[in-house]
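I've put the structures underneath this note.
Two complexes come next, and they have one chain in common, chain A, joined by chain B in the first and chain C in the second.
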Partner chain A sequence: MKADVEPRPGAASLKEAGEVLLSVEGVSLSFGGVRALRDVSFDIRKGEIRAIIGPNGAGKTSMLNVINGFYHPQQGVITFKGKRRHDMRPYLAASQGIARTFQNVALFKGMSTLDNIMTGRTLKMRRGILAQAIYWGVSQREEIRHREAVEHIIDFLEIKHIRKTPVGKLPYGLQKRVELGRALATEPDLLLLDEPMAGMNLEEKQDMSRFILTVNDTFSTTIALIEHDMGVVMDLSDRVVVLDYGQKIADGRPDEVQKDQKVIDAYLGIPH
Partner chain B sequence: MEVFGQVLEVLIGGLLSGVLYSLVALGFVLIFKASGVFNFAQGAMVLLAGLALVRSLDFLAARGAPVWAAVILGLVFAGVIMAVTAWLVERFVLGPLVNQDGLTLFMSTIGATFVLEGASQMIFGSDVYPLRLFPTDAWFLFESVFPGGILVNKLDVWGGLIAGVLVAGLAIFFQSTKTGRALRAVADDHAAAQSVGIPISWIWFVVWLVAGLVALVAATVWGTKLGVQFSITFLALKALPVLIIGGFTSVPGAIVGGLIVGAGEKLAEVYLGPHMGGGIEYWFAYVLALAVLLVRPQGLFGERLIERI
Partner chain C sequence: MDGTSPSRTAPAASSVGVLDTIPKLLLRNAAQYGGRPAMRHKDFGIWQTWTWSRLKDEVRTLAIGLRKLGLERGDKVAIIGDNRPRLYATFTAVQSLGAIPVPVYQDAVADEMAYVLEHAEARLAVVEDQEQVDKVISIADRLPRLARVVYDEERGLADYDHERLHSYVRVLELGREEMRANAGAEGWWLDEIGKGKGADVSVMLYTSGTTGRPKGVMLTYDNIIMSARNANTFDGFGPDDLLLAYLPMAWVGDHIFSYGQAYAGAMCVCCPESPETVVEDRREIGPTYFFAPPRVFENLLTQIMVRMEDAGSLKKRMFHYFLGVARRCGEDILNGKPVSAQDRLLYRLGNLFVYAPLRNRMGFSRTRVAYTAGEAIGPELFQFYRSLGVNLKQLYGQTEASVYITMQPDGEVYPDTVGKPAPDVEIRIADSGEVLFKSPGVFLKYYKNDEATQATKTADGWVHTGDAGFFDQRGHLKIIDRAKDVGRLNNGALFAPKYLENRIKFYPEVREAVAFGQGHDYVTMFINIDLTSVGNWAERNNVSYASYQELAAHPQVYDIVARRVDELNKALSAEPQMAASQIRRFLILHKELDADDGELTRTLKVRRSFIAERYAPLITALYSGSETCHVRTEVTFEDGRKGIAEGDVRIVDMPTYPAQSLEPVREAAE
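On to the complex of A and B.
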């Protein structure tokens, strides 16, 4: 982790004018006849928390899958760190600094919390397969060095007590936290969170909000999150993009979006 | 005393040959644990590794290479062949099946089995090739205690030693290296593994390479015992009851399962055989496996699967 990075003074003003980290332009994605995304464009600025909201089936998760390369859109351009691409690939996305969590927790269930988070260090570890096969020497030293970084994350997320527990046995709220830890271990520039608070109680939500804000402040990690809890979205995010039936219907500050008639219609339905 | 000596001899012989079953079963467990794929092709890979080794040894010996050089070169050659096989399997069989169900992957390994069996015999020949890497004579132990002593096959002891070293080495590799962790991660969840930048195709290559090298080790021992020939692929069938008894997901399970099968079938052959008309050795392991399936479906050491409904 970039633990030595101080919280930047005037972070808020920087976000206002911040440079664009990622932008999607005219992205369309369809599966056979189902049009999951239609001509969606928006950008994510460096250092901000960007929320993606919308009713069920609006295409939010599809959007994240396009950004980290699981889906390849039929049309559109994705620009990340100034590089324009037609689509991303999962390995490319990860190596360029995009990490993510999943809607239905995707952890390695048979492995311990520690090992799960250690997998996040995969791209940071440079020793070749031969050194690993011999293990003693350079490979062991590298393990220990990265283990330290992982222990910092474990401390930060307050999951010390479950370090050695197989994650399959953990309650849902803690699994979500381990998943966040694994994403953080990659030291991402852009962190995609797919419903980080789904199925959590109030206390767990507060904890998770605190972690997200701290990650954003302290490590200046840019975050894009999908969330259904409007209270959380309004509190956390700097800007919100709203999707409905695969189309962007609103984009702006939380208070603006909240008042937008199209958004209210999408959520509450229009009387016929 | 004489009866006790005989029981001991049968038991030791059985346990040691059981270790050799474990050696083959180990190849299955490794791939299954590491990639969630039940690799039906493991037997075919033992054949391929054995043929590559024995044919290159013959080739070098015929050209007057010293024995030690021939053995080293032969092992390297066979290792390279297994690496090429791993690459081909990843590229053309598993690669296109990322994010597919475990059963689909299993079916594809059945296809790979036939291709490997056919190709290896086409390239290297289909005769019985004798392999002499380990001593095949026997020791007679405790001759002062038991009349005639206890016969122990040197080859079986070698097999046991090799299996032990192999298991210890692989345990460290899988538990505490980046690649070992990545292997287990890929077995659990393809998408999540990709999201942290684990290159799945590389991992699958490594899995098949490791399985290929384990097959090569098994081939050196079994080839010395039986000669390298097509029937060596049937070892895969013998490994099945070992896996069922020990549990598919457990390395110690493969070892203990092998010991139980080895000792069980030898004891049954010697002591039940005369009463049942003999030939017990051939089916005893399967009956034992069936019994285990009824009582403890996950095997002795397997992880119990709890499905949330």
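On to the complex of A and C.
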């Protein structure tokens, strides 16, 4: 497992040449008088793992919500897969290939792991309500196809033993994994992970790191993640963008960012 | 190591008339039971079936592929992983070429694995997944003979250097390509099978060993097939029987039950989806034959009891009432003894409302025979299952015997014995009390260890078991303990630590225990609490805790355990031989005993001398009268890293009871 978490030389340089999947230009967002994001610009290249870091309240989750279409920025433009738009709607984001997980797990607690991940396939289902209500025939075949996709995800994430367990009963680390499974079920081009390792112990973090890297490697899914654990960020990500008080203060490779004086100040708390 | 291609001779008639090797049994089964299930495996949530003819095809293609990779007659092949059809097929493929499979415990840490692979001189390793590949790679520089590694599960391995690493699927492709290019390949394979003889070594099993380095026990086809046939006849197993293979493949039990007996009897072997899903998978499959060490039965019972605590009061009352009925008459009904009409009726009702649903929950609905062995099983635990209608029996065996030494015949099942000598087994008790046996299953020798072979196996074929025991009036063997562990207290009274530990472990709160007393005036004990059961109690009673250590040290937990020890002392006082063994002082250990720390064997038996050495200060404290003792222990995590567990451990004094029998203790012991 150790070998996985080490930085992969070569991988980063390959991705540097990759085309831009999503770019954010001059995005500003405020809630009343609170300015959550101020003129933030950065891009995410195809196939990379992009980390967004910053102290508490820096605007990381707001940034993710903007990309995801949950918040609508007052200013700025978002370009995703070559299409420019001022803002997105969450369902539009989902149908165009953006999936996400949440800081506080947002699953259907009373439903089983299997059903929760199955909901991630909703967008891929083509049959109408009527056909689904009748079920036999086309809907059944469709259901079987989707169930197969879900079973592959269950196998991949090693959650076979909780397939039929209601997620509300699961420990936190496993719920996070189920949530990742649901996001993967949409077969996203861009996967947004909001603190995927929050509240996990070392072993769970290692497992999650392994899953994230494998998703990135085998499905070449582009990943943007917010994370507080600096070790994880430095090991996993190809590039890091640093936010502080809603502004971008640094952007670059993990080792560059780590040495940046502004970043050090932001984390150690230099008065502004 | 370049693969020489199989000889291009035309298919020749093979001498498979005598079914004296496993590959020959495969051919027989494929011919006779071709369409019947040989193996099942749950994959992507669905049970997949391999018929005997499918299994034969798989084994043939794999064998030819392995040959292309350079596998030679006599080579050793390490097999590492959870129970899955592909790894079982690897056993047979390897054997069909006259090579010798060496299964290795899949949860062994890299260092232990290195020892076995090095000692066995493995040339090839077939492993389950990335985790095992990583382990093998990490020790590769200690294994100059290991030429190639084949893995089954491909995930995460795409970027690895594939010069000496091959996927299982790729090996099958190699086999298929060869069969397309060379029409004689199959005939060659059949010839290779024909060359096998019953006296050939079929497998090398490393015993986990309670002391010292593991020893490689060499078993021949005759050992395995004759033991398997005898066992199948004993309990009437055949092609309609179904078993669940979930215990380590490196353990002799799994090798005999899920491999030897399955081939000999053409039984269907089912592999669980993953180690965590065994209970659920067992329920779905409903095995007709089930083996588990006492620990599994203990855990099952604990889980049921814990869940019943959460049940509604009506269910709870029903459960306890009918459990009472079962306790009164269930065993007699199972043994076919006369029972009053009223009890018979009540038992039937109980079966409808309680026993049958319970058996279903535990996956025993179709179980005709269940066996337990490895450790003595608490009589209450044993009777619990039997009274519910599960035909649980005990057997006594070891790797050196190809398992079977004694077995309990139907209708002659007593909780305190391990049964009568198994078919074709002779047993004799040495003057020292040690049990010796002679049987068709007696191993050939230990690999590269003649000294140990001579110490264990006498010139005329008797094998020392290392266990102390005696025959009772019914002709049943009773095992007291390891011969070297049975001791005396300073007053001369018999001290059988295992016996005491098993008694205390029957209480759901106690997971593991280690008793001390040899060379002392009185008996003391280390106790490990059961986190499931005590954790559940803590939740119910608003006791908060952050770790095992904290919960174990909680005063209320100590009170609960003290009550249990007191109950045991009371019970012991009624037993003439054991009254002197009442537990005078005990402590609850600050950490769980763990195989990774070397405190348990891989089959989860207590390594007594190691523990005594490691916790010497605690033992001193138990006998010095002090109230607490500070302890600091190194612990090993699963990935091999080390940490420190440290804390104060409290020691509790217990009252003892006068022996209720006036029989002198001394005499009863002798």
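Definition applied: the second predicted complex is superposed on the first by the 256 of 272 C-alpha atoms of A that agree within 3 Å, B and C clash if a C-alpha of one lies under 4 Å from a C-alpha of the other, contacts with A are read in each partner's own complex, and residues count from 1 in each chain.
One rule holds in what follows: a residue touches a chain if its C-beta (ideal position, glycine included) is under 8 Å from a C-beta of that chain, and two chains touch if they have at least 3 such contacts.
This one's a predicted model, so the numbers in the text were calculated from it and none came from an experiment.
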Joint occupancy of chain A by chain B and chain C, clash or fit: fit
Which superposed partner A:Thr79 touches (first chain B, second chain C, both, neither): neither
Chain B versus chain C as contact partner of A:Ser41, first or second or both or neither: neither
First, second, both or neither for A:Arg100, with chain B first and chain C second: first
Contacts of A:Glu143 with chain B and chain C, given as first, second, both or neither: first
Which of chain B and chain C A:Met118 touches, first, second, both or neither: first
Per-residue contact with chain A, leading partner among chain C and chain B: B
Which of chain B and chain C A:Asn68 touches, first, second, both or neither: first
Smallest distance from any CA atom of chain C to any CA atom of chain B, in Å, after fitting: 12
Chain A-touching residues of chain C, taken from the complex the two chains share: 44-46, 131, 134, 155-156, 158-159, 273-274, 276-277, 280, 638-639
Residue ranges of chain A touching chain C (in the complex, touch as defined): 1-4, 147-148, 151-152, 154-156, 158, 160-161, 163-164, 203, 210, 214, 217-218
Sites on chain B touched by chain A in the complex: 172-173, 176-182, 184-185, 187-189, 191-199, 206, 303
Parts of chain A lying in touch with chain B, wherever the complex brings them together: 68, 70, 90-91, 94-95, 99-100, 102, 106-111, 115, 118-123, 125, 127, 129, 132-133, 135, 139-140, 142-143, 182-183, 185-186
